[in-house]
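First chain written, first letter: the chains are A, B and C, and each begins at residue 1.
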Amino acid sequence: MTGIDATYRKKRLDRGIKVRSDSVFAISSYREILYLVLPRVVPVITLLVLPLILKGYWGKVLVFACMYGLLALSWDFLASCGLFSLGQSLFFGFGAYVAGTLSYYLHLTPAITLPIATLGGGLLSAALLSPVVRLRGVYFAMVTLMLPMLLMKMIEATGLVGGSHGLSALVPFHNEWISTYMAVVTFLVCLFGFRRLINEDYGLVLKAIRDDDRAVMSAAINIYWRKIQALFIAGAVGSFAGAFMTHHYQFVGMSAFALDYSILPVAAAALGGPGTFAGAALGSMILVPLSESLRALGGLRIALYCGVLIGSVILLPEGIFHYMERKYHQFETFVKVG
Amino acid sequence: MEGEPLLKVEKLRKHFGGVTAVHDVSFELRQGEFLGIIGPNGSGKTTLVNLITGFVKPDSGRVTYLGKNITGKMPYTIAGQGISRTFQMVRLFYNLPAYKNLIIPLSSPRVKKLRGGEYGERDDVAVDLLDDMGFERDSFVPYKMAGSLPHGYLKRLDLARAMALRPNLLILDELFSGMAMSEVASTLPLIEKFNAEGLTVIMIEHRLRELFRVVDRIFVLNFGEKIAEGVPKEVMESDAVKNAYLGSEIEET
Amino acid sequence: MSTLIYGTITSIVLALYTLGFSLTYGISGLANFAHGALYILSGFIAWSFINQAGFPFFLSALLAILISGLIGFAFYWVLLLRIRGIALSELIVTFAAGIAILELLTWRGFYGIQYSLPLFLRGGIEIKGVAVDYQRLFVIGTGIFLLILLYLFVHHTKIGLAFRGIAQNERTALSLGIESDWIGALSLAFGSALAAVAAIVILPMGIMESTIGYNVLIYALTVAIVGGLESTSGMIVASFIIGFGQVVTARYIGAQWMIIVPLSAIILVLAIRPSGLFGKFKELEERV
């Protein structure tokens, strides 16, 4: 802002909807109701209508986006209580393999395997990672980054649960409409469920643990137990995505622990803006179609996600969603200076 | 005097590297008592609090509370049994409204048990608590962001947070440091009232005048050791204490 | 006997993998998840100097070590400077940068028999009936030499003492005029240079491919976690436990079960002593 032109400057004003607390609004007109409701309704309707429009390949991309979205939401949930996971594929892989083995060896249908895999994957993740929650954050990141890679190598080396060939010819979903809508609805339920949960007292405690765990401990709350609960929830959500994709592909293999499932959710959450869930959802809705359309690039895609990730962490730390939210809640006018 | 003391500390010891922070401190505390702990800076008062509340694990010694050994238990276990503390450097959540800070202790299992198995309307309980602490409800102070409140309010918010647990034993770690005289004058009667209602209080304080008015008994720490104990007047006249303080703070009182 | 010798070699290799990572973490608290990528990248740099520029081996090795040190240094100033202190962002950026390097290398197609570094020393000897080639002995020598050098460096040089100061108490060190950004950048530079040294002595024993980078990262993290993050002695002990564990497993159970060793070591350590064998359980006291 130099020189003679600098006689105008931007003035920002918050829109005046009086809010006593986060959840109580004083609404006086239809315009204000619309103002509050539209940002919530528009994405819901869009997502519910999209499966009707998108056919074939792009329909599948929508399902992918929802599943990656679930992983990103699960990441964001963990991050909101201070657990930074670099291995969402761990949750994904657990769910995928639980569903896959049940379906392969016992020929169970998705209606049975999905719930079992969701709960079982959540329990496995929580049990396996529960010792780490007592340690500093970097341990959690290291362990989650490493476990899926080690598990992948173990499956490859030992030939357990299908080895490097994987388990194929699994029971498919009966109806593509049902499966597509299941993906979309689960995604939406998780998105709004998490957003609600984190603003409830339960979520307040989780966020407090991230900010100052000692203060929370002095309030007689067992922070480790809370973190394990959070791990279970996040693990279950990730496992659902894994189990769903297993039946969707009718195949489960080592790729369930692949890096894609770890890096893309983090990239999505970082791009969209961590801590809001909507950001993670938005990020995955942007990144997944983008990466599908760049499928020709092959392995370079992952490098691309990494680029997006680094760029958004360094240059736009607040994320797209926070930016949009701020713009939505503010008037901007130019006022004359001096 | 009942047989069983509420809190019994035996030969508690803690070293940090080569420095002895607390050296073989023992004391007992009866239900309903008001104990003051004084001592020069660095004499191990805060470490003693940390040892009792489980934030630091002792090298040796034993802490017994209500007949149970709580030495080296996790802080949340100890807090859950009814020992609540404030922090010398307040630990609050500044990006939350003041009353939301109290939601965290109010969501603890202890509070649920004491309320008969249900949490009730936590927000209202929180605002009521803050009202008791002198947060002006009518001017919406409880709803303001904790980060925007002045220091005296933060100290009182920390006190409210400790009281929200409905403790049996309240440990105040330099609650009045940095508070204005008027704030001290309005907060001290509150603590006296809690004590009169049966709460046992340990108060660590540098403001000796206020402390002596309210406590039943004090003891003095110097270089991690207990050098004197008894009724305030007697203790302050003992030579050991005068030497420790080099006379400076005693003259003030 | 051969178990002993090959166990020692494997263990030293693991220690070499971890050295750079744990040095960087020990000094500046940065968990450099790009460590594996820098390892393999420096291997390729050395290869390019030898095969494309036609430099002699020793010059190329030296240049590769230097360059990867510079990369580490630049990495800090370009990427990490703006997000220093934000744990989440640091993790994400080093992790993403590492993967980006590895995937770019894969994409460029560095894969195949032609990509291998020449052996330092040819030939070998027999120790008590076990054939060992000189290169492997050289690895052992380098490992021990580096450990000693590192110890001397950290305890007896000015910059090493500054490192220790930062590691113990960053604020106090800052107030004594030690610049934490420089130290951070230097720690990354040294960590990367050590990764390069490891790469140049270890890589000639096999072919180079970018996926090795992931293995190196996995093993480095495993050793660091099992041994305890800040502890050098823990790191050495952990490398020997895992190294010998792997060799014994490969010999008596089967080579495909080798991967079980690090996995079970991690799970065991996490279950029994989550802070690692020699790590301090600091979760409560660190911020007193």
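Here is the rule we use: a contact is a pair of C-beta atoms (placed from the backbone, for glycine too) under 8 Å apart; a residue touches a chain by one contact, two chains touch by 3 or more.
Note that this is a predicted model, so its numbers are computed, not measured.
Taking the mean of each chain's C-alpha atoms as its centre, the chain lying closest to the overall protein C-alpha centroid is A. Look at the CA centroids: the one farthest from the centroid of chain B belongs to C.
Between chain A and chain B, the centres computed from C-alpha atoms are 42 Å apart.
We define each chain's centre as the mean of its Cα atoms; on that basis chain A and chain C are separated by 32 Å. Centres computed as Cα averages put chain B at a distance of 48 Å from chain C.
Of all residues in chain A, those that touch two or more other chains are 214.
Multi-chain contact residues of chain C, defined as those touching 2 or more other chains: 284. Each of residues 55, 75 in chain B touches at least two other chains. Listed in rising order, the residues of chain B touching chain A in the complex are 53, 55, 74-77, 79-80, 84-85, 87, 91-93, 95-97, 100, 103-111, 119, 122-123, 143, 161-162, 164-165. Listed in rising order, the residues of chain C touching chain A in the complex are 31, 33, 79, 82-83, 86-89, 91-93, 95-97, 99-100, 103-104, 106-107, 214, 217-218, 221-222, 224-225, 229, 256-260, 262-263, 266-267, 270-271, 274-275, 282-284, 286-287.
Put simply, chain A touches chain B in their complex at residues 20-21, 201-202, 204-205, 208, 211-212, 214-223. Looking at the complex, you find that chain A touches chain C at residues 79, 84, 86, 128, 131-132, 134-139, 141-143, 145-147, 149-151, 153-154, 157-159, 214, 259, 263, 266-267, 270, 274, 298-300, 302-303, 305-307, 309-310, 313-314, 317.
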